[in-house]
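This is the structure, below, for whatever I ask next.
Chain naming follows the written order as A, B, C and D, and within any one chain the residues start at number 1.
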Amino acid sequence: MGSFDAIKQAAFTANMDLFKSGLVIATFGNVSELDKGKGVFAIKPSGVPYASLTVEAMVVVDLACTVIEGRLRPSSDTRTHAVLYKNFPGIGGVCHTHSPFATAWAQAKRPIPILGTTHADHLTQAIPCTEVMSDETIRGDYETETGNLIVRCFRDLSPREIEMTLVACHGPFTWGENAQKALYNSAMLEEFAKMAFLTTQINPGIQPLKPTLIEKHYRRKHGGDAYYGQINVTMEK
Amino acid sequence: MGSFDAIKQAAFTANMDLFKSGLVIATFGNVSELDKGKGVFAIKPSGVPYASLTVEAMVVVDLACTVIEGRLRPSSDTRTHAVLYKNFPGIGGVCHTHSPFATAWAQAKRPIPILGTTHADHLTQAIPCTEVMSDETIRGDYETETGNLIVRCFRDLSPREIEMTLVACHGPFTWGENAQKALYNSAMLEEFAKMAFLTTQINPGIQPLKPTLIEKHYRRKHGGDAYYGQINVTMEK
Amino acid sequence: MGSFDAIKQAAFTANMDLFKSGLVIATFGNVSELDKGKGVFAIKPSGVPYASLTVEAMVVVDLACTVIEGRLRPSSDTRTHAVLYKNFPGIGGVCHTHSPFATAWAQAKRPIPILGTTHADHLTQAIPCTEVMSDETIRGDYETETGNLIVRCFRDLSPREIEMTLVACHGPFTWGENAQKALYNSAMLEEFAKMAFLTTQINPGIQPLKPTLIEKHYRRKHGGDAYYGQINVTMEK
Amino acid sequence: MGSFDAIKQAAFTANMDLFKSGLVIATFGNVSELDKGKGVFAIKPSGVPYASLTVEAMVVVDLACTVIEGRLRPSSDTRTHAVLYKNFPGIGGVCHTHSPFATAWAQAKRPIPILGTTHADHLTQAIPCTEVMSDETIRGDYETETGNLIVRCFRDLSPREIEMTLVACHGPFTWGENAQKALYNSAMLEEFAKMAFLTTQINPGIQPLKPTLIEKHYRRKHGGDAYYGQINVTMEK
């Protein structure tokens, strides 16, 4: 068994789960899983249809994006993943989709407001939307700069409390302790985006959820006083 | 066979049917079934994915929410279920979802107006939306207070004629004679919410259905003159 | 073999196809098929879930709605079907759904404008929406009056060219040469309703399709100069 | 093996894939594949349901639309396909659907603005929408004129860079190097149409993507500097 088999298997499974989730069509999207000890991650090869994806086709790269194992080119978004791994301590998975509701908010250049407890169960703020990238930066190392744009957007935010963002004009990136959690966050983000879309259509003047409710719901699931879920049971896939 | 097997099986089946219904994703939602004689109910354990749910994992609690049988923590919404069982005489099942259209109306803090006969076939009024919980109450026993909020919202309403509500900023709760009927009501509520959304988008000035039509459709299905369905046949799942 | 087996089988198949189509949920909807020679039709029994429907459960009634064969009550909408069979010469099937987009236009009390060639391939006008029923009539024989409302709406329209309508505040009824064609028309109506919804959201000032385009598309499929489809092949299910 | 077997098989597979894609219902839509050497193409027969389609039923016609092989009438849109094959050098497949979001933009007589990188990954401009056909032309050879309308719309556009269009009041046509690529483009177009719909609902004042971002994303996938996908691997179905 090769030394990268675990992350290749984890990345493969998460990419296949992404496809089955209905969040992406065609070759859209990619998920990666980091080996925190070795500082390398496994990611989907670029432009390969999900139907013909295999564990063996996964590409292993280091944080400088040098291919360590694999015969195919890694996803064109690989450098964005690498920037997130380097700057967001403790994360072990990154997921990128073009899911329609989240992408629509990104294209509208609008953060997704926190309007209900579904959202507050997971994070305490609006889903941030990055700045639009400057022309100079676009002409540079574009995928690295996409990562930098996200990192800059999180200057005053905690990437461990808010494990998701919208890249303006582009679409969502999410992350988490591993690839499955990053994928889970992509599914949640799409649901928040859909609910926020419907809510603002029904009541255009709606205001964000009040702080006490946000705090209460977030604390039900996170931190020392959490009482959602089981104590010694893995809960979420 | 244990003395709680019947309600555990009923609650398990309703929770699995909830997942198959498409009304919820991930670990969202929960359904419970009451044993009216024993004053105990079976409910989904907290945060367990539907794919790994079993009959044995269902948790049996009494109306004070003490665990009577089961090794796992009950759903974090258990105390809300208990308040409904204690205050709404005759009900035997409660269902909670975050289905997107109903949740959007709840987030918009708007009751769902009665705009057509699909809605009037089931109840004679708008689906009520509770007040937003006060800050003092949020800091207290939150899930019990969520139940109290619903009960207060039904001060002047009949919970046997209107077996569903929206909790403002949160989402829908429904109930009925058993878990399956509560689940059925959640599916109906989502359909009314979707139709009301589309209707108000098409005609923002639309007025509620007139009383004669409401009365007629409701009486077709309910009360002594009902002529919908079969006399001696169980009709609805 | 009983003398009503053919229409019972046709009605059963069309009702099951209705359920599989996704146009209805729960026990919503009903389809009937007429035996033109005998003046009787087979229809779904009232309130029976599709999952437990059988050919034997179909109810055969005459045009006065007297049950001729079958142990169950016929659909509560049976009298509406009968009025259509009596007043729209040549039709052999009727279908009623609560499909969401068509029902939303009915609840909005708006005809569905003819905005494109998908619609014009099938009929040359807006899908009419009936008047709202008067209070006196609602208190009378409601289902017969629903049929009368539709017939009155077609005073100046041809029910063979426009095989569908919206009943205001209620939902769609469609018909055709047999149950399958009536069901096909319900699916088409839902598609026109969805496209018209999206179109008017994108361009609220959109005007109806111009008469030359309507005429051209309708003539491609209907009348002596039709050139869509095969000459001796049954085309549409 | 007949000399047209390859294009008949390709056209059959693409038509069946079109149906499975969910982009069309009933008998809507058609895909064709061209034999560039022989100057003939295989297309779906008119009005035949997808469920009963076979390879043998595919109709082979030349660019004058004379039937070369096949017992059935070709699709009523055949002459539109022929015009595109004659005027857009190098294309080998054409696809026509009535997918709801793309059709809604066509009915709204609006080009689909380029609002994000999902769109820019595939083409650098808004999806054009043709003029509405003149009354004189409608009364002529309508399907040929539909093709002419598209060709005229591409006077100043490259049909190899923009492999899709909306025909005003009608719906989308797409093309590509073969039938599968044309079908892929129809699926992409529907996704762009859906995202643009949601985006403009969220932010009605949204402006098109800026040129530098359009250029960057398009160049990632197209031209000599492309770095998306694999060098020697067929990527997209």
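The working rule: a contact is a pair of C-beta atoms (placed from the backbone, for glycine too) under 8 Å apart; a residue touches a chain by one contact, two chains touch by 3 or more.
The structure displayed is predicted, hence computed values, not measured ones.
Student: Treat touching chains as neighbours and tell me the shortest step distance from chain A to chain C.
Tutor: 2
Student: Mind checking chain B against chain C and telling me if their interface is mostly the same residue numbers on each side, over half, or mostly different?
Tutor: different
Student: Report, in whole Å, the distance between the mean C-alpha point of chain A and the mean C-alpha point of chain D.
Tutor: Centre separation, chain A to chain D: 33 Å.
Student: What are the residues of chain A that contact at least two other chains?
Tutor: Residues 201 of chain A each touch two or more of the other chains.
Student: Quick check: in the complex, which residue numbers of chain D touch chain A?
Tutor: Going through chain D, the ones touching chain A are 115-118, 184, 187-188, 191, 194-196, 198-199, 201-203, 206, 209-210, 212-213, 216, 220, 227-231, 233, 235-237.
Student: Could you please specify the touching residues of chain A with respect to chain D in the complex?
Tutor: Counting only chain A, the residues touching chain D are 25-28, 45-49, 51, 72-73, 76, 98, 100-101, 103-110, 132-133, 135, 138-139, 142, 169-171, 197, 200-201.
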